[in-house]
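Listed below are the structures to be examined.
Each of the two complexes below includes chain A, the first together with chain B, the second together with chain C.
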Partner chain A sequence: MNFDASTYKFTHAGSVGKTSMIVGALMLLLTAVGYVSNQEIFFRAYMVGYMFWLSLALGGLFFTLVNHLFGSEWNIVLRRFSESLSKTFPLLAILFIPLWLGMHDLYHWTHTEVVVKDPMLSAKSGYLNMTFFTVRIIIYFGLWTFISHFLHKKSLLQDEHPSEELIMTMRRFSAPFMVLYALSTTFAAFDIIMSLDPHWYSTIYGVYFFAGNFLFVVSFITLFAAYLKSKGILDNIITVEHYHDLGKLLFAFLVFWGYIGFSQYFLIWYANIPEETIYYLYRWEGSWKIITMTLVLGHFLLPFLSLLPRAAKRNLTWLGIVAGWIIIMHFIDLVWLILPNFEKHGVHLSWITFTTLLGVGGLFFWNFWSVFTAHPVVPLNDRRFEASVKFKNV
Partner chain B sequence: MEKQKKPVIVLAEFSSPAELLHAAEKVRDAGYKKFDCHSPFPIHGMDDAMGEKRSPLGWIVGTVAILAFVGMMGFQIWTSAVDYPLVLSGKPFVSYQAFGIPSWAVMVLSSAITAVFGMWALNGMPRYHHPVFYSDNFARVTDDGFFVSIEARDPLFNANNTPGFLESIGGKNIELLEE
Partner chain C sequence: MNKEVDAAYDYQVPLITGKPTFGWITEKVSSIVESKTSKEWALLFGLASSVMLILLGSIGYLVWEGIGIWGLNVPVGWGWAIVNFVFWVGIGHAGTLISAILFLFRQKWRTSINRFAEAMTIFAVICALIFPGIHVGRIWAVYYFFPVPNQMDMWPNFRSPLLWDFFAVGTYFTVSFLFWYTGLVPDLATLRDRAKTTIRKKVLAIFSLGWRGGNKQWKHYELAYMLLAGLSTPLVLSVHSVVSTDFATAVIPGWHTTIFPPYFVAGAIFSGFAMVMTLALIARRVYNLEHILTLTHLENMNKIILTTGMMVGYSYSMEFFISWYSGNPYETFIFMQRAFGQYAWAYWIMVSCNVFIPQLFWSRKIRRSIPAMFVISIFVNIGMWFERFVIIATSLSQDFLPSSWDYFSPTIWDIIMLVGSFGLFFTLFLLFIRFLPMVAMAELKGVLPQADPHHAHEGEAH
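Take a look at the complex of A and B:
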């Protein structure tokens, strides 16, 4: 790949995008083989791999919105990363189709004969029915696509015609967008994951899902910036000060994730009502217990302690290791959210999950990489760009 | 008989924040340790210019936080499971889930208190007076004055040479304050 450091543009994007597209397509083909050979577990396996990448795009959207809303300077140099990540929603909408087709296998509440006999599901049938579910999914993807395209377009416009007005426009729109984002992400988490067990509910569920998404996107940006740095791209633009701040965000949201996870657990533990505790009972069965403990230690305690000292956040190697670790933990978190609804007696990971992970991931990365390399990789004409490069932690 | 006065601090004025920053670098490079810079507002990069090391406060607060958490956890285990075992809503005696919350709260409280008073202690606060206030000119530090002060406690301090050194790096209105 070739990079022009004066215009911040790739003159030649190299083979990275093509390679990841080929890997993605091949892996999706294998996933399709998985459908033929193992229909019973296909959809749940696909869902884990798919939700992983959807959560990255959602995290990216939040990162962009929060960037505009706070008007902070340090993350201006990273804005194109998150803008490009959230341009993948149309692709993700297409890749959602298998899940939509598998609705009957995934969601208990789609079985009319069950719903009729179950007073609780009958009461919920005004919300949990196939038509309304489809409508909601279309609304979510429509909203996400609209918001991310709108903000990316304005941001690109800024490269050509920088103006104070554009900065204010992006900020003004980000406020209502943030409300829409919060509602749509929460309800998407309710609809896609939580309704796998339609009897159980938790109002904090969407926030928990969001916390993981944001951790994923910050980890991803950290690793991707480090990858570019290793190629000599943006290495004097994204400095140790930016990595330090990414580390701080990781640290803060690890605590946030732990706080939300504990809040959900604690209220259920305290009230001790069977229809609520069943959620943790499933996740305490057999080898699920190991996964639960892995999350407590690996998704919170270990990375928390490892990012506590200032020096840890300023050491790029160390920060990279922790970021990679958090991404693995986020994957395990999704496994923990989705699969205990089906695998009642212990963890059972299908190879289809991993082919989906690589398949959707390959296409996702190809899409991200094409958008990212097609434009200047930083908002170079933003009034605050210079300040962002020179930013220093006090 | 009046007590013999001794020099305690030397004060030099500079005309701008940039000058103060460069003066700080020169004082630092000359090897002085017990010196300070005074300005009406914070100056970016001053910590580096003065050669300040990072404050150990974080490590102090961290230690207190861990001790507070463990201590509060231990205290609750002792009261609820050892000294006066009591069944509450059918939960086990050692309900770490519930104990975690007061432990966390006490950890936050003691960390905050340690941070505030630790900052005071490390800054030598509270104090009622400082030798720089012997200078009438120093009052301008809250308005438009930029000052460097070097204390007599500094091993390099010399009542004959130090004022001259400050003058040589651009200081004006040099005052040797005695106590």
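Take a look at the complex of A and C:
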């Protein structure tokens, strides 16, 4: 790949995108084989791999929105990363189709004969039914696509015709977008994941889902920036100060994730109502216990301690290791959220999950990479760009 | 477009208007505490302390007569006392958020408001702690609260959220106090150096702990300040989360819901900012602090009020949606009762004040209009008191046994104790603005352009 440091543009994007597309396509083919050979567990396995990338795109959208809303300077050099990440919603909408086709296998509430006999399920059938579910999914993807395209377009316009007006427009629109984002992400979490167990409910569920997504995107940006740095790209633009702040964000949201997860667990444990405790009971069954404990230690305690010292956040190698670790933990978190609804006796990870992970991931990354390399990789004409480069943690 | 560009959007524009010098700030802030007591202050103080005396008197009567003087009845065993407790604890949160979280976020505009927001935190916690204290009924046995060995082999139940409250609020008070005091030390030293009488100098010398403003001292001070900010940050979340467990760990419909901890935290910050706003606007007017507390500061605060108000609105909607989605008839019943039952009036006051009215802040004009924000902040204060009332009264008054259902009506003692707690709060607050610098002078100087080592003096080439 060739990078022109004066225009911040890739003159030649290299083979990264093409490779990942080929890998993605091949892996999706393998996934399709999985459907033929192993129909029973296909959809749940696909869901885990798919949700992983959807959560990254959602996290990216939040990162962009919050950047505009807060008007902070330090993360302006990173804005194109998150903008490009959330340009993948149309692709993700297409890749959602298998899940939509597999609704009957995934969602208990689609079985009308069961719903009729179950008073709890018939009570909520006005919300949990196939038509309304489909409409909602279309609305979510429509919203996410619209918001991310709108903001990316304005941001690119800024490269050509920088103006104060554009900064204000992006900021002004980000506020109502944030409201839409919060509601759509929450209800998407309710619909896609929480309703896998249609009897169970938790008001904090959307916030928990969001916390994981945000951790994922910050980790991804950290690693991706480090990757570019290793290629000598944006080497002196994204400095140790930016990594330090990314580290601080990771640290803060690890605590936030732990706080939200603990709030949910603790209140359910204390009140001890069978309808609610069943959720944790499933996740305490057989080898699920190990996964649950892994999350407590690996998704919170270990990375918390490892990011606590200031020096840890300024050491790029260390920060990279922790960011990679958090991404793995986020994947395990999704496994933990989705699979115990089906695998009641212990963890059973199918190879299809991993082919989906690489398949959807390959296409996702190709999409992201093409968007990212097609334009200047930083909003170079933003008035605050220079301040963002020069910024220092005091 | 230029009218849009101000300190909120551009760090090049100074936060403090009127091109002040360091000396101007010292003079401006110190003169408030050094000047003679004004008649207006004396009048307000007289009023506030009289109201406080009403509180103290009624506490005396409460201790003598028992908590039966309140409007408590059989299903509603927690009445206004607990409502007031949660309300006052919540008020304190703005101070901690401003001093700790905004500090870590490098939000420099906080320096104009942090001192009196922190002071408010301490006074609000004092007001809050009174209520569970007197709610125990037999106040002479209040030491049962404390995990101290006693002759009856009594030991507090560590699984009780009420005990966690005791620790959470106690820690919160201690750390907030230390934080506030640490920040005060350099300013107290400034006052000491300006003192004209020996006694004043001596007293201030004791409280400023030998501060000389040396390089080493500043270094230690900044480290301590940062550590305290780090320690206070989890406290912002933990205190009201623990308060929320008073309700959420129970199996009472309307209380037991998993979003309660973050919902309570958002609500606390929301109500706290509204109270800071109410008081800041008055202080700004009375002491002519327009250059220090600019419209930009106020607008930023209004944005936080809008944001946290939306978070509270999000929680209301999640609660409502999930109560229906759960398919649990008890949950659904309670929420329908809240919105359309005997407490509907309180519920809609809550929703209007906390969710609908703050939406006005979407308009920049309203965010920058002093009368509008003053009125809205008062609405929020009212709304957040009602939020706690709605949570407590609706869920308790219609419990699982319809034969025991009852409606809660406050007695005169409920009302005067709530009013009295405001008397206590304002008494402490008035004492604070009379005797201590209400703006953090040293920190404020740090955000002036001339504090930046790269600052070019006007007219000089650079």
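Here is the rule we use: the second predicted complex is superposed on the first by the 394 of 394 C-alpha atoms of A that agree within 3 Å, B and C clash if a C-alpha of one lies under 4 Å from a C-alpha of the other, contacts with A are read in each partner's own complex, and residues count from 1 in each chain.
Note that a residue touches a chain if its C-beta (ideal position, glycine included) is under 8 Å from a C-beta of that chain, and two chains touch if they have at least 3 such contacts.
Being a predicted model, the structure only gives us computed values, none of them experimental.
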| item | value |
| --- | --- |
| Fit or clash between chain C and chain B when superposed on chain A | clash |
| Partner chain in contact with A:284 - chain B first, chain C second, else both or neither | neither |
| Touching partner for A:270 - first (chain B), second (chain C), both, neither | both |
| Touching partner for A:202 - first (chain B), second (chain C), both, neither | second |
| Chain B versus chain C as contact partner of A:310, first or second or both or neither | first |
| Which of chain B and chain C A:127 touches, first, second, both or neither | second |
| Partner chain(s) touched by A:318 [first = chain B, second = chain C, both, neither] | neither |
| More chain A residues in contact - chain B or chain C | C |
| First, second, both or neither for A:150, with chain B first and chain C second | neither |
| Segment of chain B that clashes with chain C, given the candidates 5-13, 23-31, 41-49 or 167-175 | 41-49 |
| Doubly contacted chain A residues - partners chain C and chain B | 266, 270, 272, 394 |
| Complex contact set, residues of chain A against chain B | 262, 265-266, 269-270, 272, 308, 310, 392, 394 |
| In the complex with chain A, residue positions of chain C that touch it | 1, 4-5, 8-9, 11, 106, 234, 237, 241, 245, 248-251, 256-262, 310, 314-315, 318-319, 322, 324-328, 362 |
| Chain A-touching residues of chain B, taken from the complex the two chains share | 44, 47, 54, 58, 62, 89-90, 97-98, 100-101 |
| Of all residues in chain A, those that touch chain C in their complex | 71, 73, 119-121, 123-124, 127, 163-165, 167-168, 175, 179, 182-183, 186, 190, 199, 201-207, 255, 259-260, 263-264, 266-268, 270-273, 275, 387, 394 |
